[in-house]
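Note sheet for the following structure.
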């Protein structure tokens, strides 16, 4: 067996991120995984036959990944975007001019509650952002309420905000944007708020499936990027199940495989289901996504 | 500070599970957490003023927890049940006479794929279960398609299968059963299969929110049990956000807090949001739920 | 492929721990691992040709596992015992009449410091236990200082305390007790305290290796139980490296494999090194040991 | 409460690692921790009153971190270095001209064993490196055997190899190098090999404690960097226990706190013990060290 030696990482003053990731490719453990993810993402992006599915769970907007995600959407890294209602709510909050804040996990949550601050690990958010959301939905309800499936509903939100938001750029570029559990989010709460006032809206829970399955089945090739598992990963995985499977795969998560949940399942498991191709290229990156994603993206950019 | 000493666990031949958990209450680390969870669950069950919300993510049916969940539903441990489409699909598969199997994670997934076997860590499922699901939906579509929100849709499925299933018992006992991301599941695929044939069904994505929020807001007290995070946890958490908060809380997960996702967030974080009461009793159990749940349930039963 | 179905766990009022673990063997994920560990431990104990190596890291004494470990030593579950200096220090502390206490991790460590309380996650210890240790070493130094390797040194400590301690039972039963990093512990601090007073003791750092390697190489069969990794695991692993490898293996840890450390490495990796036999029976249990060990032991007892 | 907003990371083509880490400081979750670690390390390095203790567990040499560690030793980042026997063995192996190799964890370990390849997650090593070690110890035994404590023993090894190794640079710069569990390593096996031939060496197990405690107690300030926990962390922690505590602290590990082991314990816990100062600056980085360390070091360099 001809084997390539581990090359020890040399940190050079002023070195570029891309140079570091280039070196990580020849190191061990998680560093190599970062490098492999960079390579696979680069290849996936270049492959004109490949439809690229991005599934983004976890609090990526509060974590500071919003600009990277927006850029990836803008620069054609993404053909189908699936995320959580939470990420879209946080995106909308920022689109409406509110912020998330640098907080700490070493704090008394009772005090935060009294100050009207919601905590997301070491990120804070002012509870009054919900008022901004209320105003936005109140003001735009007529338009919003005309939509009939989740993608259209979200594109409509995107049309009402600045383009440099996740919602905005998906709308502008007509990137299919799916969020099966949209009811499970601040945006969901806003819709609920209107509905209890007797206002009407009818968004079909299943309608979006046709489009994602169509894309998955008709693409020449498929690439997947999963950040954090959850519904975004699973919804893409199931659209691939009866396709020819993914040709490329990147998964970034800190969840465990042993307890059997989909979020922690390594991509290899998907081969049994037909979600990943037998000869597909894939890598599982065990790392906090707010560390791994900037590295991988900087390598490819 | 008056402190209670750690009592070392004495394992006695033939000892009962409840006796072991009783001892765990006075040991350290995760053992004590199991004991505390048992205590809190017992108190929550006894508290007649308390509405009990169960959120169950993770592959609990493939993992062998189906009977425990059914029993808890049957024996009034649960006032509101929120779960993933996957768990309900696996429940339906078993209700239709199919099985999950004892497999292994140390296996070539390419071979499994050729044998038509889908892997969920160390559990196997035959891919042909989807045919059974197809037949079931085909045969019962007329009835199924008349429903208009997710809870009714799921109760309808429950009415069509044996009572000793999660779907069946929820239907029989009229336990509110919510699954915001139902499209993201094998059940979702079945609905999609009918829709692409041009068949009609209109299930509203947001309709269920009214009921869960109503229950959360009008209850005298609230108790939550979260297994594995995900949408089930988050959907309950958001229904509590503008209520008076949970009085009791149990969370069982192996997810990390540090990467900022909702699934790994300890219950204490919910205090800042108002989802957990400042003076609420709660415990975070870091353990594979298929180990922790039988222990906790055996203690309380 | 003939496959055994997953049997859902049935919790029966008053059921025994052994009955629960028996059922876990036919469930999924970590529950099955607990059952497999029980089976392997039972087989290992019954195999008269097998030398049983126990490696115990982690704060098992503060966690409440002291009686179980003492019983296993007493009842011939263990032929070679390797542990950390910390566990032996905590054992000695209890042998001298001190206690560990039920504490909490949700507390201000600055206040604990002012109260003279040391925290080990949710277990507390009074800092004044070190005075008891000082007295013990001062009083018994003459005898202690005559020993010349770590095993003899530890057996000597064991001869000076009650038999129902880890140190005491190892001494009484002449169970080889190894602790390569003994300097790294409260016991080490006590020796240091005498040495800075100019008192003499000469304990050889390498001497114990002969005995553990001899046992590993000459045994007909070898079984290993690793709790928590660290030096105890690695020291046993290396004694096996140039033997015929372990026939049985159980590992209980919550550490990750991906970051490459020995503690998180699954037992399978040991096959490449020759530390585990190719056809050996082994299982990796991902679970807090203070939960898993009582279950596994109660199954076998 | 005046709060600083989360700034979303902007990845610029060709950006430097230091620029990325600078941005991470104002993002959330683990990214911010990387940034904080960079800040604390920078401050610690600049503080002329501070003695810097580095504890390095985990397979950092196989993982590709050897050059970074050597540079940190060379450039006065480290006043006291504590590591595992494994890291020093892997360092010695490379100093003798052998390599580690880029492997994979998705492989049959039985085949690796037949090819004489030892696996460390996704890193391979040829089993015949032990022959090189044998030759080295055989040839240099006379000199090696004259040493009488672990530090001298290791410095002696360092004097016999190239200076650009961990052992070599520690020897050359007379950096105190401690390894309490040296017997638990390939180097230990080499000593054992000589001892079974009847050759003499007497290395005292406790002797090194004086020096590390002296440094800890007499320093004006103390800074600690822990990579991966284990004995290296604990040995430094205990030397600090009855000092004034650490002023600066950085911990990089993927171990969990909940199971109570020292490796996963956050630095805050050390405040109760007096190992960390009440007003000390510290950060826990939850990340694979082979990803985190290059980022942090590149920021400071």
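Lettered A, B, C and D in written order, each chain numbered from 1.
By our rule, a residue touches a chain if its C-beta (ideal position, glycine included) is under 8 Å from a C-beta of that chain, and two chains touch if they have at least 3 such contacts.
Just so you know, these numbers come straight off a predicted model, no measurement behind them.
Colleague: Comparing residue numbers, which of B-D, C-D or B-C shares more than half of the contact pairs of A-D?
Modeller: B-C
Colleague: In terms of residue numbering, is the interface formed by subunit A and subunit B classified as same (over half shared) or different (under half shared)?
Modeller: same
Colleague: Provide the C-alpha centroid distance between subunit A and subunit B, rounded to the nearest whole angstrom.
Modeller: Between these chains, centre-to-centre, one finds 24 Å.
Colleague: As a quick test, compute the distance in whole Å between the mean CA positions of subunit A and subunit C.
Modeller: It comes to 42 Å between the two C-alpha centres.
Colleague: In whole angstrom, what separates the CA-based centres of subunit B and subunit C?
Modeller: About 35 Å separates the centre of subunit B from that of subunit C.
Colleague: Any chance you could list the residues of subunit B touching two or more other chains?
Modeller: Residues 28-30, 33, 59, 62-63, 117, 120-123, 254, 256, 258-260, 268, 286, 288, 290 of subunit B each touch two or more of the other chains.
Colleague: In their shared complex, at which residues does subunit C touch subunit B?
Modeller: Residues 1, 3-11, 13-18, 20, 23-24, 26-34, 59, 62-68, 71, 99-103, 106, 115, 117, 120-124, 254, 268, 286-288, 290-292, 294-295, 297-298, 301.
Colleague: Tell me, which parts of subunit A touch subunit C in their complex?
Modeller: Contacts found on subunit A: 28-30, 33, 256, 258-260, 286.
Colleague: Could you pull out which subunit B residues touch subunit A in their complex?
Modeller: 57-59, 62-63, 86, 105, 109-110, 112-113, 117-123, 127, 150, 180-186, 188-189, 191-192, 195-196, 201-210, 213, 228, 230-231, 234-235, 238, 241, 254-265, 268-274, 278, 288-290
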